[in-house]
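Next come two complexes, and both contain chain A; in the first it sits with chain B, in the second with chain C.
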Partner chain A sequence: MATVAMLGNFDWKQFKRRAFSTPANSAITIIVYAVLLWLVWTAINWALFNAVWSAEDVEQCSKEGACWSVIDARYRLILFGLYPFDEHWRSTLACLAIVGTIVLSCFPWTWTAKRLSVIWVVGFAAYYLLMEGGLLGLTQVTTDQWGGLALTLFLFSSVVLIGMPMGLGLALARRSEMPVLRTFASLVIDLIRSLPLLTTLFTAAVVMPILLPSWLEGDKIWRVIIAFGLFFACYQAEVLRGGFQAIPKGQFEAGKALGLTYWQILGRIVLPQVFRHALPATINNVVVTFKETAIVIIIGFFDILASANAAFGTPEWAPYYLEVLIFVALIYWVFLFGLGQYGEYLKRRMKVAER
Partner chain B sequence: MFSKGVMAGLAMAAGLALPTASMAESPTIKTIEERGTMLCSGHNGSYFGFVEVNDKNEWKGLDIDLCRAMTTALLGDPEKAQIVPLSWAQRFPALQSGDVDIIIKATGWTMGRDTELGLQFSIPYFFGGAQFMAHGDLGITEAKDLEGGTICVEAGTTIERIAANYLQSLGVEHTMVSYEKASELRAAYLANRCDSFVAWGPFLAVLRATELDNPDAHVILNDQLSNEPISAAMRQGDEEFVDFTNWMLAALLIAEEEGITSENVQEMAANPPNPKIARLLGTEPGMGERLGIRDTWAREMIAAVGNYGEIYHRNLGDDSPYKLERGLNNLWSHGGVLYAPQLD
Partner chain C sequence: MDVAELKARAQRRKLIIQGLIIAVTALAVYGAIQSAKVNLSALGLTSGFGFLERSTGWSYSFSLIDRDISDSYARTLTIGFLNTLFVGALTIVLSTIIGFLIGTFRDSRNPALKTAATVYTQIFRNIPLILQGIFWYAIMIHLPGPRQAMSLSDGVFLSNRGLMVPVLNLPLVVALVLVLIMIAAVFLLRKARIGIFQSAIAWVGLLVLLLLVASGLYVPTGESVFSWPELKGLRFVGGLTISPELLVMIIAIVLYGSAYIAEVVRGGLAEVPKGLIEAGEALGLNQRAIWSRIKMPMALRTIIPPLGNQWIFIMKATTIGVAIGFSDLFYIVSTSITQSGQTLELIAILMGCFLLVNFSIAQFVNWLNDKLKLKAH
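Coming up: the complex of A and B.
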């Protein structure tokens, strides 16, 4: 929205003054724009006008245009990974459940602890029931068959869901007046932040089963989500700490003077401001986490990038890897651009409070 | 003191009792039977020819077919194979922690893996080595025809040294051009900067089938410059499971030797042309008991996935887009190095 608004307010007079001030400048402007236009035209030509669209027409594919046949033939693999073919409707509904949960919790109307928790519990239960099955006549599909976009969305939303409260807890503990708690929180945060994410996940997925007794082992996907969530939480704790530091101590003291309890001060005075201050960095953290989920490819999860790799991993489709990667990039873009725009909206909404 | 007769009797009793008792004791096979599925290694993506995913989201490839063969032999149904996606780095820890029962994942049999990593390997099921690929219009089929030619190779690899040694021993004058990156190497070959290109054989076949505009215009030469045996890897300490894997592979080879295919296996089992086939296919009892499983395991396995030749051709050879010559991977009787232990 902000980007669109910026285009709408484009100052043509200023552009003219700057870009065409001297003949040399005009020439440079024209050349640069001509090249840009040519590039855009070539790209559009390749992607749209010369493209082949259906899987049956794959013979017509050439270097001139994109061969979207590969998407037509393989989109199910990209979106759902190795999930059983006949059960893809379940994976589709599960994706919608997660996206619905995320979208719903973006509306300010839902921002009470009760509503949010109901939405998330229902959303996740729906996702899990649909994907795992084993109930209500749905055949069971174990987590090692989950994949594609459905898995990426699940990983991302579980990590954020687990990591956000943990991050808040860690941030509070780090500011606590109890030395033991404070030291413990600092230790955890500094330890985990000094380990690479890859190592953390590899340990959770591969080394843990060797160390843990089998009754504590659990499913690989949950070990990875908890480790990833902890990683997210440590970064989020530091982001929130910045927010806490921006709030004058006097507010806390004023609250105490009014006879409010610790939790009342926190919930009604401090936290709303903390979140506002920490918002840009939080959105940043969330966006990075969405992209970082692709790391799970290393521990054998079939996330969207791994399934894209498998999609162009047969000889008949291998020449069209670019089309597959562009398709996956578009999916990432839709989600992350949406997230970024939502951040902008939140910022504007919160400015109202500051006025 | 025991008399000699008693000692001999004890030894015989032990000798007779042990093998049959231990055959059924493989902990891995027991786990697989209790679970009702067999867990094999897949890949986190695609490894051409060995592990791929088809348009129906099903796994396929040489390694996958071997897993299906093994599952059929153990559980009677190829559908009971469960492929667990694994990365390269993850495969050995995953085997040790029991995430998979066996690794069949284009994995070379090396001393380090065999000793330090605590693995044991099956007999090799595939041999891959350095080979030359040349432009077809040169009209050559052997490395000695490369006289005076330019050969491209990836810098700093063992293949570079192997190729130089090989050509020197043949007395072929040549110019070696090395490139830092595989992509540069490919581009140089395509731009006709070199007559020939040396790399791992299956890699050349994949490259020819997937990235070159006209696969027929390139020839993979017959010479095998080196040889890396590819085996299935299992956890140390379960000899019976290794025995089973070895005889599963052996049965696929014997089937090819004897002309048993997925098409004719039922006929052959009904009217076995010789006692060896009768025994192999379980028409005569004995095969199963020794391994602690059903007598008809080999028959069911061949009916489900075919013999070794069929598996090879479907995934890498003539019936696949790669058209990789059998070469070393042919039976010993056809000039290759694959052979089965004696079936008695």
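Coming up: the complex of A and C.
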């Protein structure tokens, strides 16, 4: 919609003035557009016109075009990993539940603490029930068989779901009047933020079993999710700190003068405003988290990147590694670009509202 | 109940909560030590840093200094740390330069440059770094071998063994000194307040002069100043070979990092008040002068803090080396853990190194920020 409107309002006169103001400028304009057009043309030729689409036609694949046969043949492995073949419909529905949750929380009418938490808990529960099964006549599938896009979405949604309250807790602890609590929170936040995510996850996966007694060890995937959630929470705490700084101190005092308790002031006056102020930065944090989930391949999870590697891991499909990697990159790109554009739109909208 | 009583009660409650936090933390630490003892003795491991003296017995892809399979753990870890610092510094510098360029293009009036820069940032920012790394590495190892190497220009070859470039035929120390002198010359010439064209000529003149002197002193007689890569049999000799792993690290991190820095730069440029730019135009300044005298100096103050965060991010991003086989610190540490089993000590070393580096970067950024502050206020 926005793009269409922009095309309608396109200012040709301004375009001409800016693109062809001087001879040098005109030369730059023409050369850059020519190069861009050539790139787009080459890409389209390779990916569409000269491409082979179905798995049966794999013999027709050549250097000139993409061989999408590999996707046709292996897309289930890429999307669902080693999940039992007959149960793939469950994986599909589970992925849709998460995507639906993300899309729903983009609508402003869901933006109350209650609605958002209900949507996320329900979406996550639906995902978990569908994937794990064991209830309602669904056969049980344990987490070690989950994989591909489904596992990536699982990691992402559980990290956000665990990390949000943790982030709020850390942000509040950092603002606390109690020095011990404050120092503790700042230490955790600064430490986790200075370390690479990979180090934190690696610690959770490999070091924690040594430090924890065996009864507390739990599943590797949950240890990693909690560590990832902590990482998200530390960044989210910084985001919320910015939101807290935007609230005038007088509002706390006014609340106290009215005889409200600490939690009433927070829940009814301060937090709604904090979340509003911190919204664009929060979305940015969520986008970054989605992108960073790709790193779990290193600590041995069968996420979409690992299943992509497996998809061209057989001699038959090995020559078509590029097609598979581009396919996965496209999936990430669509998610991330969409969420990013939405964040930009919100930022603009809020700027207009503040004027 | 009077006010004093209520206050005292609140005070007591706070003390109890804080006491509980300390007690629980102490208990957790004690419990961790106890179970570490139990778990380590079950594995037959002794803790301590004695293993650093042992020799490793395994090899890895990249090192800046001499290495050997019988190196001690201490030396191997040092090499890993140096590699991380090297790749981090190199990619930070390159990403910053390219990021400023692309960010300026995004802010440009020319619609073509703007489009190209936007496409660049939107592509490279929205794909996970590790996927980009794996992508470039897959392309790299499928390139033709040295005998069918692609010749990019005179003396520059690209093959699945890496990028071969000509290099100065000088000892490493002399070459480093040369580079440092030439960097210092840039700053001195900028201070000298002569035109950009004259300073460029002076700089090139100095470079040629120094090269002649250095080659007279250090190049063995009968050899040329440059060493050119040449195909001899199945491999290249001479020149400098940039290994596939290093090359992929540089390409992937720089594309990703520069796209992020470009966004930071664009944001900074967009914050410059329009009135200032119009004032510059009214004074008859050309676009370049407006950019270098008004926009950039103003924008730098908003750019520097998030830029510092990006530098720290790039430093942390070097850990993707483990996915493409580049021997950065994380790669060396995780291999050491599998080989020696000294998990706790090695993780502590890894964390310590990253805290040190990132703390230093943060300090440097603070210093830079203070220096750039508007003095008049």
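Operating definition for what follows: the second predicted complex is superposed on the first by the 313 of 355 C-alpha atoms of A that agree within 3 Å, B and C clash if a C-alpha of one lies under 4 Å from a C-alpha of the other, contacts with A are read in each partner's own complex, and residues count from 1 in each chain.
Following the convention adopted for this analysis, a contact is a pair of C-beta atoms (placed from the backbone, for glycine too) under 8 Å apart; a residue touches a chain by one contact, two chains touch by 3 or more.
Keep in mind that what you see is a predicted model, and the values were worked out from it rather than measured.
J.: Record, for the superposition on chain A, whether partners chain B and chain C clash or fit.
T.: clash
J.: What is the contact status of A:337 with respect to chain B (first) and chain C (second): first, second, both, or neither?
T.: Only chain C is touched by A:337; chain B is not.
J.: Look at A:297 in the shared chain and tell me whether it touches chain B only, chain C only, both, or neither; answer first, second, both or neither.
T.: Both partners, chain B and chain C.
J.: Let me test your reading of the model: by the given contact rule, A:306 touches which partner, first (chain B), second (chain C), both or neither?
T.: In the superposition, A:306 contacts chain B only.
J.: When the two structures are overlaid on chain A, which partner does A:209 contact: first (chain B), second (chain C), both, or neither?
T.: A:209 contacts both chain B and chain C.
J.: After superposition on the shared chain, which partner residues are touched by A:195: those of chain B (first), chain C (second), both, or neither?
T.: Second partner only.
J.: So, does A:329 touch the first partner chain B, the second partner chain C, both, or neither?
T.: second
J.: In this superposition, which partner touches a larger number of chain A residues, chain B or chain C?
T.: On the superposition, C touches more of the residues of chain A.
J.: Where does chain C run into chain B after the fit on chain A, at 92-100, 146-154 or 164-172?
T.: Residues of chain C that clash with chain B lie in 146-154.
J.: Please report the chain A residues shared by its interface with chain B and its interface with chain C.
T.: Dual-contact residues (chain A): 202, 206-207, 209-210, 297-298, 309.
J.: Any idea which chain A residues touch chain B in the complex?
T.: Against chain B, the touching part of chain A is residues 73-74, 76-77, 80-85, 144, 147, 202, 205-207, 209-210, 220, 297-302, 306-307, 309-316, 318-319.
J.: Using the touch definition from the top, list the residues of chain A that touch chain C in their complex.
T.: Of all residues in chain A, those touching chain C are 15, 18-19, 21, 25, 28-30, 32-33, 35-36, 177-181, 184, 191, 194-199, 202-203, 206-207, 209-214, 291-295, 297-298, 305, 309, 321-322, 325-326, 328-329, 332-333, 336-337, 340.
J.: Looking at the complex, which residues from chain B come into contact with chain A?
T.: 42-48, 52-59, 82-87, 89-90, 93-94, 96-99, 206, 209-211, 320-322
J.: Along chain C, where are the residues that touch chain A in the complex?
T.: 14, 17-18, 21-22, 25, 31-32, 34-36, 38-40, 109-113, 115-116, 119, 122-123, 125-132, 134-135, 138-139, 142, 312, 316-317, 319-320, 322-323, 330, 334, 337, 343-344, 347, 350-351, 354-355, 358-359
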